[in-house]
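By written order: A, B, C and D. Residues from 1 in each chain.
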């Protein structure tokens, strides 16, 4: 299924400043980039790079003082999806994990799994291991944490959300990740464009490594999983910030859009909708 | 200068368990591995790997229940050192940093630089940028934080240590890293064997990226910097834990040794000693 | 029912030091002090006082340097108990609370009820108000928090225990208090001698104000409620510390004992035992 | 010196709600209430009370649903002041403190002095005990903490402010109190009307017990100390909240005013101004 997506950002730059953006979509086996346009005004050199730690597509801008920076991004993407059978997807023991996954078992800034071991064990330790246990984590979060704009801030972490029980998509993702790691399930943060999100915004969810791949989970239930288009992955939000800014800058405007381009031949899996199927896009 | 070093560890393994060890020294331009021996008893297959995120030499062991696991490591290492002139080493602005360094500006589990911005600015913001500013950070930590065994625990982070003012080498390193990142200086955690440490133990210090390389800093002043032999680097201690254990295991014994092998032709730089020179081993 | 109880404490006092002790039992309508003996060696003047904030029986000692302080306390106490019917005891709305109870709705050092509002609401908000809701809180704590010596420290608070799910009697009490306050039920900390506690030690539990009095709750289930003899009450442990010490002091020994003195005519209510009846001693 | 002061508050009350207000000024030796008027609309019974823990003048209102509650308070106050000589005011050792002051050495919700012991000792432990040491604490806070509206929230505590170095008057007071307690100086929170505060608002500062009385300190330097008119005192802000609200309520308006009424015969001490003299109003 195909999507048009993108964003428009503008900033008032008061001092000479450096921006690191992470807002372009990646290409994966399940996510094809058909077309893409990135426009910056004024015309500033774009320093593109991939982190050695991921395939995220960062770019850096150095912007002079007293500039109104405008950034416009548009992409056309074709998503296919890997659909698995939740009933047959197993957890992988640390003994058998591909070694590059071990990193995603460790605690990180916003996912202090080391401090949530007993809580995770008490709530989920008795459940059957496998895909369904991560689903149970998402259900727990959906039921017990209130989605509330402005209820958290950039310092809020999974440790806080576990107790304070309120947050936004980023907090839901952090808590899901922390619970997974506390149960020895590798988990990572996903930033994404999300079809159907109201109001339109950048979105965050998470992936857990199960069976032989990364499966997508979204405890917020605010957008269909097969309408998510991946921007970046990382240990947590600190790795995939939309923009990291060094300097005196005011954001002035942010618009995000995601448009579904229906095909005349679409099957039922090819329509963006909430699903209980196991779904992978990485 | 040459060192013999190593460790002996033993564990009582009660359940079937997985260990991830990170205790072998790495090879760098300044650190040559002349010889090495790793012995495991009972004879268990060693699953060696490098993380995609570092050159650290992890290995994984899967150990049956009711085993007494014994591990003995010995290495002979030759260190040369890069010595720089502290007076000429500059900080590198985010605009000019090699892109792979940007990762080391982000907050991590034990180095919440995002919450220490004002403290770092208030204490160090007015100082001349450069190597000397990181030295000032180390002096501040040395003077204001008490080195005290048992005063911290595995959950203790830089945010705590900034206020509670007590800790061990790992806490000193985390605080130094967090301050550096808060000032936009890339910094990373270093686990090491340390000549002259009393009592002998694994050691932790940190590296800051300045000029064109990673310089070594140790705010504890408990061991000569040129007597440090690197095991691993990471965002913080969570990446380079000596051992990450999945299962029911009791540590029974840990011995660490580092022996200096004097050469008849040693210059003064070739004797392990505290120094105010800028020193790099990465 | 009658009890003999007491404690023996000894300290090595290195510098001139001040002690504030809170270990003598109080007298209430339900707790009669038949006899009491407090011995201090060396012979130091005892500065007894009641706090303006409670009826706790503090005493202060000023002890010279290089002293071995020995303290021996013995009391004979007769407990009667108010037994209520759990099914008929209501919560009291803030509108109707006696004004001196409002204080016990506020957050305190170890009971940060302001940060547990949503957690309390999510877990207990839907339950029928009344005595049974506080029982539900105790059951929750008993089931979800592990009683483990050494798992918490003097800084551990209800906010931590809610997530880390381990602690000792003091932590169980703090969490119960915090949940009650978050639901607008006045609650306070109780320090006590406890018959049947194994190993013998000082004990902590809590009281909630319901109906027209303070009812006793102990989420640890480690001692019969009618075998508790009250020492002090306060907002939390900071108010009723067994000993607050100003100076360089080492505790060397602590022994606590509580002995039940059976009466030939005891009814079943007059034997120390776990009960589901509502019980008050204040 | 005389002041007119007061406030106007209005609330939209959606559900049946209980308010506990603490906004009337107290009478002390140094603070005489010449006249006072409290008007509530609609006409609701006022349940006045003094806490057993303080002389604060709380009152409670029970308000029906769908009410617009308006509250208007006016008072005319005459302040005299106790002026002491900072050079001669000593700290009082715990051994010699009046017993009712010991309570103000204990940690509280927002003043976790138990976690700031080493920080306080490291920054102020070497200073001469006495009034000047509390002045040094205030100077430290004034210099290192930025006064910034919106930089803290109702959960922010001294532990946070010590590190995050930003806050408002309440945070400045909490940090001053926590440092004092960590040095064994009794300290308490003071809510007040403040002449000269821009913009007009309720104010917070603190008192430390030194010599034989409570001296007033204000680390914000935003209002003259002799223009402060006391509302309440407590362990921290949780005891003297302007309004504690149980129910669904929106604040709609808050106006505060303090007017100095100059006397033709005023000496220089009788004009509101910043001073370095030791000043007491309790």
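Just so it is clear, a contact is a pair of C-beta atoms (placed from the backbone, for glycine too) under 8 Å apart; a residue touches a chain by one contact, two chains touch by 3 or more.
Everything quoted here is computed from the prediction, not taken from an experiment.
Asks: How would you label the subunit C and subunit D contact, same or different, if same means the shared numbers make up over half of all numbers there?
Replies: same
Asks: Any idea how many Å lie between the Cα centroids of subunit B and subunit C?
Replies: Distance between chain centres: 45 Å.
Asks: Centroid from C-alpha atoms only, then distance subunit C to subunit D, rounded to Å. What do you get?
Replies: 31
Asks: Could you work out how far the Cα centre of subunit A sits from that of subunit C, in whole Å?
Replies: Spacing between the chain centres: roughly 47 Å.
Asks: What positions in subunit A touch 2 or more of the other chains?
Replies: Each of 115 in subunit A touches at least two other chains.
Asks: Once you've mapped the touching chain pairs, tell me: line, ring, star, complete or other?
Replies: Drawn as a graph, the chains make one closed cycle, so a ring.
Asks: What's the complete list of touching chain pairs for this entry?
Replies: Pairwise, the chains that meet the contact rule are A-B, A-C, B-D, C-D.
Asks: In the complex, go through subunit A and note every residue touching subunit B.
Replies: Contacts found on subunit A: 18, 20, 47, 49, 51-53, 58, 60, 62, 93-95, 99-100, 102-103, 105-109, 112, 114-115, 154-155, 184, 238-239, 244, 246.
Asks: For subunit D, which residues are in contact with subunit B within the complex?
Replies: Contacts found on subunit D: 115-116, 118-119, 122, 144, 146, 159, 162-166.
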